[in-house]
Structures are given as structure tokens and as C-alpha cells.
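The two complexes that follow have subunit A in common; it is paired with subunit B in the first and with subunit C in the second.
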Partner chain A sequence: MASDSAFKRLPANPADAVEIWVEGQAVTARAGDSVAAAVLAAGLGPTRTTPVSGSPRAPYCMMGVCFECLMEIDGQPNTQGCMILVTDGMKVSFQRGARDIPECSA
Partner chain B sequence: MNAGLTPGCTDADVSVIGGGLVGLAVALGLQDHGRQVAVIDEGDIALRASRGNFGLVWVQGKGDSCPDYARLTRQSARQWRRFADGLTDATGIDIQLSQVGGLYICLTEEELQQRQQMLSSMRDALGGDYPFEVLDHSALKARVREIGPTVAGATWGPEDGHVNPLFLLRAMVERFLKRGGQLLTCGPVSRITPVNGGFEVLAGDHRIGCSKVVLAAGLGNKALAPQVGLFAPLEPNRGQVLIAERVRHFLDYPTGHVRQTAEGTIQCGDSKEDVGFDCGTTTDVLAAIAARAVRMFPLLAQVRLVRSWGALRVMTPDGYPIYQQSEQYPGAYLVTCHSGVTLAAAHAGPIATWIENGQQPDEFSLETFHGQRFSV
Partner chain C sequence: MTESHYDLVIVGAGPAGMAAAIDSARAGLRVALLDEQQTAGGQIYRRVGSPALRDRKILGPDYYYGEKLVDSFQRCSIDHIRGASVWEAEADQLCFSVDGGSHRLTFDALLLATGAQERPVPFPGWTAPGVMTCGSAQIMFKTSGLAPAVPVVIAGSGPLLLLVACQLVRAGVPVEAVLDTTPGSHYREALAELGGALRGWRYLLKGVRLLAELRQAGVPLIKNVRQLQALTGSDGQLERVEYSHRGRRYSRVCKTLLVHQGVVPNVQLSRSMGLEHFWSEQQQCWLPRCDLWGESSMAGIYIAGDGGGIGGALAAELQGRLSACAIIHRLGRINQGERDEQARGLRRQLDQQLAIRPFLDRLYRPAAEFLHPADETLVCRCEEVSAGEIRRIAGQGCAGPNQAKAFSRAGMGPCQGRLCGLTVSQLIAEVHQLPIEEVGYYRVRAPIKPVTLGELATMAPQSSHHGAGEVAEK
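After this line comes the complex of A and B, so read on.
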């Protein structure tokens, strides 16, 4: 689904390359990127669908207030992608609708 | 001269002071009677329970020491659907009213027994007409599969429901404005002066001339009431609320402690604290709210919290509303209560009608809610 992203990186600030997996696809990000920034820079998304209408969404405020960037990051659903920094080998998938909560066995 | 054309002056039939759920409900009801209404609100820094509440349209257990309050509450609950549909038709905003019954979950057998006794005595006081059921653990589990294994049971009220309180407030404002209502946020009302059988209300530098004035300013009523010969012995009572992330729908019914919104958000809370005018949050209370919620629904242990807040209830000494016209300055009314969501339909209905033309409600005695009861 990768396309030519409108998000261009500044040539300055070279940082170490970090490889993450987004929807099963390898994406090269930079150390210090948030997951949301890395996904946008790779031209991927929409990154979630809403629980109510199922309409597609993508990171918006990039500062933790709008909750549009929810993704499943390293197995944790409903995580704000803009609030988490990439780490090597991180697994990211998109959040589809409302998060499921497994019933407790108790 | 028409004061409405003079800068800094407004004319209205009725001024409603306070643009929370109570003031707006009364204002909408007066508009139904064709009145020109101005709502005057203090603004964002005010204490505003209407922005911080739990959203229940709740019947069971309300009025355990006051049958008239139980009648008032039930009448409002019955009128709520029509009220909600009116708002949605006028504004297109779905306020998510659901009245499919509600659960009051009891963790222990003692709690359940006390609750049952309380509801039974209410039923007696109301001549047998008070529907509820007591559910033991397995009956409760049949309704809510995710209920915790240590929960004793619940009481079930078929008349209970809930609503999205923020959409409600927004819809009320929009409808009010669409019908030509004036919403003035020109500073807090500092003075109400009776003039020529009417009133002049001073808000900031703005003057509003009107023939009636309704005090619906929540905790602000306390200071305003004496200016028109009324008495509003109100105290703040803090409630803290926890909001968790949106998750798959698992809870069909509102409970007194946990509810799930139409979008899937979890709202928890029911603390009652006497801490003055402090609407902060405290870790110990939030932890207790969370622990109780997890005991009710163990799956909530896996759910993350996204925010919390405190808000102040508007409390009279006996917890019941005050609906009163000033004897000294007829045309001035005090309308205040602690369950402004539940009672919104009654405020827009029989209470507004009484302010409009003095007609007494059929279902409950207004006398019960006279402020005189506090000055014996």
C-alpha cells in the first residue's frame, strides 16, 4: 500500500536507521521517529478505522490529543502511534474498529 | 425605545441565569410556550457540573426518603424519549439516549440486601407502583456475561437509562439558538434588580431587561438568590470520573458505577466527597473507583485509562431540588437540583410550564420542593 508520501524528511539530522514491521511490511525509520511519523513517512495508512462508522483515519495532531493515530504496537492495541518511538524490530499493525478485550478466565 | 437596539442592552421575556443542563432545559421549555428567552452564562472558568457528569437518566433508588422526588424522577424519565427526539429532530445530533433498564451492582450480600430493603420500602411508599427486580449472581450473569465472579448481584430498574451528556448539552444549545434564543456570555451576573414588576439583570457591562428571571446558575445560585428574596443553601459535592479507551461493546445496560458509551468508551465513577470548591482529582479515590470497576467487570483490568476529572455536584442539605417562586419579588424563580440530566425532561416540561403560567404539575407536589423547608 506504500505510496509516494507527502511527508518529506529534512536532509539534516541524520540518525541511525531502525527497521520496523508495519502490517507485515519492512519499513526503514529513523531513531527518534514516532511510530506515527515513521508510518506516514513510508506513505502507509489509513492507520485505523473508527469504532462507530468504520471510516478510515490517520495520525493528525502528532502530539497525543486526537487519538486518530491508534495502532496495535508490539501486540498492544489502541496505542497512540505518535506517543511511541520506533525500536528495531517493532511490530505495528493498524487498529480496525474498537479494540477487543479478551474475557478473563477467572 | 427598544432596549434590544441599544448596545449593551437586551430585552427578553425571561432571563435564565446559568447555561448548564438545568438552565437550558427550562429555557427550551419556555420557548415551547413562545417566550423570548435570554440565557446568561458565566463561561469557561465557571464550575459546571453539566460538563463533568456521568450521563445517567436514572430512576431506581431516587427519592428513597421523598415519594414526590421519586414521582418527579419517573415522570421525567417517561418524558425523556420525546425530549430527546425533539432535540435530534431540531439539530440532527444523536444524543444517544438509551432507556433499556439499568443495573445497580452490589459487591456483597449485605449491600444487595440493603438495596433490596430500600427499594421495597420505596415501593410501599408509592402504593406498590415501583418496578424493580433483585438479581442474584447467576441472574445477573445471564444479563451481563462479563460480570465478575465475586459480585453478589444487582438490582434492576426497567426505567433507567443513559445519554451522552456532552452531545446533550450541545444539542440543547443548538436548539435554543435555532429558535431565536439569545445566549449571552458577557460575564457572570453580578446584580439582579427588581424594577417595575420586572427585573434588570447586570452581567458584566451588559443589562438585560425582562419580566421574569430564573436562577439556574448551579452553585452560583447561592450568591444570587438573596438578591431576589430567595434562599439557596447549596454546597458542592465532588465526584471523580475515570475514562478508559474505546473497546468492543460488552455492556448493554448502564450501571451506577460503570457505563459504556455508544462509541465504546468506558466511564467509571460514583465518588461523593465533601471537599469544598475543589474540582481536582486524587489518586486514592480514582484507585478505589478503578478497583470497584474491575471487581464488577474483571476484563476492565486490561483496559487503559485515558483521562480523569473531578466535577462538583450542586447539593441542597437534603439532596432534593428547590423549585420556588420568590414571594417578595414574584417573577423570580429558583430552579436547582443535583440530577440535572435525569430531570432535564421535567425541567423542559412541567417546571417550565409552572414558570410560564403557574400551572401545578399533576404527578408531584411542587410544595415539597419549596426552599422554605430549610428555614425552620
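After this line comes the complex of A and C, so read on.
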């Protein structure tokens, strides 16, 4: 859900606009944004819930250390959103609890 | 490029790694530099080659100083492997992951220039969405031109705290307050280190200027803040910060709380390699044991920059160059006399850069409430283990961090102890009344970043050779 707790864009040098899909919603980002930055700029989140208590979490360090920005990016679960740059048409969903382990059919 | 063997492989494209790469390449070594970022610069000069913010005044000259370094780096013949996470390193080879595939490189010498991470800041409520680190705000400035949601409050201790506050003000973001958690007694204790601080007067002056800038902007700077707590609203988002000041409790509305308690070396790789580390009482963190050239306890493996001990960006650059001197000599391109001659000037400059450290380390040593958090505070964010739980199992006889891992799962989550490791060791040392050195640290094992089985499968021995070449890019 979008809220007023969004990061705001400051006057910036020119860069391409990149459209990504976050939880099914179209979001316009800036080329060079990490997925986590784009999500925060759109005011979306929390970006994951914990496997233990289900409490909400959002990016904390933005430098690959805390793993609070885990999301499912283009079908890959448990991906650090702060370490991946946006690309056109990218599909992002939030990580809820632990990742699903694909079932093995015997 | 189809190489997979290099004279020198460097991990980390911050000032230390870039400076070492430039000197080594100029001396004729075949150099590969890997970094998990897509652009060179490290933490301080992140994206300086193509900065997002239009107004150069916001980040200031210390940031744009990096332009020259990045430019020289890009002009040298160095294989810069971008977006590459190094997840395992040994005496003569390492493995890294790029674009969902893993590859291996071999080398004659390795330089770890993996820099620092912010010290974890455990306090009640620090896991709430909306609580972020000061460094994260800078990263958003540098890479996206994004300013945090207002109202913003900044809390903690250290030079970066004041710098970020000023950068926000320059960007026109109103800062509600800076809550300085530095205990009052630290000012008196730091005076004992004033001699060194005066030799590093440029840094003192910078600090004074930042304080003046905040005062002029009318940002309240509240000193001696204690018992910090973040509280959430019904939507689970951060809503308020509470703190004590001179015996009274205060509450402020905020959407973003930026916290900071200094930076500590990123020792995941050096730990996983089994290199020797020791506890630095001065910096309150673990440091790899290195000689004057940055050579670690394993021959041919060097460490430069903040990864070997916090010294700042200019010191990191000089340390990178010193290690390069030693490596170039080791690989037979210069003799010992030439090495020592080149090193002399570098060492003189390095001493000057480091003169201020004892003063800063003393002054900004984190307050006890962050090093030994209260029982209800979560210390392991991933597995949601509280300080009280660690104290309880320590009291029941758990002797060290690795046992604590098994008993409580602290340190077993995706961050692999990066955010709880220091605190867990501190808490166990506290309960057993032992020096932290005796308690030790988590055994860090490769892969230091999660790698999927599918990715490991792409590393079959035959494919590893051409693998590296495909991603190498000049």
C-alpha cells in the first residue's frame, strides 16, 4: 500500500525512466535506482515479513549488510533489493515469511 | 579477455582497492578487481562518476574528490568485474557470483579491500520500518537523489552523524533534531588524546564547521541522549522516537529515524579465510592481524582500507598504495630498495591521516546501552533473538557465540551474523565476566553470501575456466 511515508526525489541529473511492477502496481523509477530505492520512493512497503513472528520489515542499511530488503525479483525469491538495479519491466513482489521451497515431485 | 589467472586480484572498488589497482596496473601487473556494486567508488565515492544529485553542494568536496580517483582507475588496464559478489576466498583462488552464475579466479596475490559496514545499533524498536542507518540515507542521495520521508530525526554518535545531518539540511530536508548519544564523560576522556588530534587539526576543523552549520540551520542538537526507543503506529510503520535527556522522557513524531554508531570493518571474507583477528579495545571491534604492508597472517593475502581497521577514505587510499608497493615487490617488479623508497612518503602521509583516530575513537565509542543492550532489545534481526535470550543461555553455561548460534539461532539468518555478531560476543563476555577476546566470534563460513544450489552447479570444474572471462569487462 502506498503511503505518505515516501522518500522524495530531489532535483537530479538526467537519467532514463524505468518502469517496474511492484506487487502488481506500475512504478516509475530512475535508471540507477536499486529496487529497494525505487520501492521506498514509491512509498510502498513494508518489503518483507519475518519468518519467525511475521513482523513487518523494510530496508535498513541499503548496502547489502542487513538483508531486510529481501524481495522476490523476477521470480527469484530472497533477493537483496538494495543490491539489484531496476530494469524495464522487472517484476517485484515482497517476501512474506520464508521463501517457498519448490516441491519435488517424486 | 578469457583470462582466469591474475597476478593480483582485488576485492572492493573503494578508495583502497582502486588506488592499489592503479599502482599495480601501472607497474605492469595483470589485475582483476571485483566489486558487488555496478560502479567503482566504494561506500564514500559511490556512483561519483555519474552522481544523481544535481546540486554538488549537498554532498560537498570530500565526495567529488573521488571523481579523479575513479577516472584514473577507469583509464588503467584493469579487468573490473562488476556486480560480482565474492563468496569464498582461499590462499590462491576465489569464487564469485555474477548475474546468477558462479565463477572462479586464481591469483598470485590477493588484496581484500572490502571496507566497512555501519556498526549495528540495537535499541528497542530498531527493526521498525522507517528506522534506517545514516549511511543508507547517503547511499540514496548518491545513487538516486532521494531524500528520506519527513519528519526526520537523526540519532547516534560519530562524525558521519553530523555529516549526514548537514547534507540533509543542504538538500532542503528539515531535520527535526539530532539526538547525540555520546556520553558526556567521553568528552573529558578524549581530551587525553588531544595531542594527536591537534596533528589532525583539519579533521577537528571539519567537525567544528559541521556543528556551526547545524546551529545556523536551527537544527536542535540534543547532547547526552539516553534510552532511545522507536515506536510504531497501527500500520506497523515508525511513528515516534522517545528518549531521555537530563532525567526527563521526551517523545517526537517522526517518519524516518536515521541511526548511526560509527563504522566497523567488514571482516566476513577475512574471517571465512581463517585469517587471524584480534579485538581492538580502541575501536571496539575485531581487526585482522596485518603487518605494516597490510599483509595478513596468510602469506600473499593483503588487507587495505577500512577492512583492516577504520581510518577513513584518505587513509584507505594510502593503505591501498602501500599494499600495492609490497605486492609489486613480492611479484618481482621492483626491488626492496625501490619498495621502501616509494613507501616512505606514503607512510608519512598515512601517519598524518591517522593522527586524529585515537581522539575520535575515544570520543565516539558507542554508549554502553548500544554495546550491551537491554534484555527486551532484539539483537539478531533475522531470527528475532533478544539480548535477554542471549544472556539467559549464557547464564546456563553457553560459552561462546557458536554455541549461542546452535541454542538460539542468533546469527543463522540470511545476514549471517553481520548485524548481531558483535553484540552477541559482547553479551556473552558480559555474563561470564571475560575479556571479549576469550569469548571470540562466530565462525564465519563460505559462502559468505547465499548462493543457490543451481548456481553452484554452474561451477562444474570444466566450466569455471572460461566463466570468468565472459563477465570480465574493461
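As a convention for this text, the second predicted complex is superposed on the first by the 100 of 106 C-alpha atoms of A that agree within 3 Å, B and C clash if a C-alpha of one lies under 4 Å from a C-alpha of the other, contacts with A are read in each partner's own complex, and residues count from 1 in each chain.
Definition applied: a contact is a pair of C-beta atoms (placed from the backbone, for glycine too) under 8 Å apart; a residue touches a chain by one contact, two chains touch by 3 or more.
This structure is a prediction, so every number in the text was calculated from the model and none was measured.
When the two complexes are overlaid on their common chain A, residue A:Leu85 makes contact with subunit C while staying clear of subunit B.
In the superposed model, C is the one of subunit B and subunit C that contacts more residues of subunit A. Of the two partner chains placed around the shared chain by superposition, subunit B and subunit C are both touched by A:Val52. Residues 52, 67, 78 of subunit A lie at the contact with subunit B in one complex and at the contact with subunit C in the other.
On the side of subunit A, the complex with subunit B involves touching residues 51-52, 67, 78, 97-104, 106.
Residues 36, 38, 43, 47, 50-55, 58, 85, 100, 117-118, 127, 129-133, 135-136, 139-141, 143-149, 171-172, 235-237, 255-256, 266, 381-384, 413-415, 418-419, 450 of subunit C are the ones that touch subunit A when the two sit in their complex. The part of subunit A that touches subunit C in the complex is made up of residues 3-13, 15, 30, 32-34, 37-38, 40-41, 43, 45-47, 50, 52-53, 55-68, 70, 76, 78, 82-83, 85. Subunit B meets subunit A in the complex at residues 145-146, 148-149, 245-250, 262-264, 298-304, 306.
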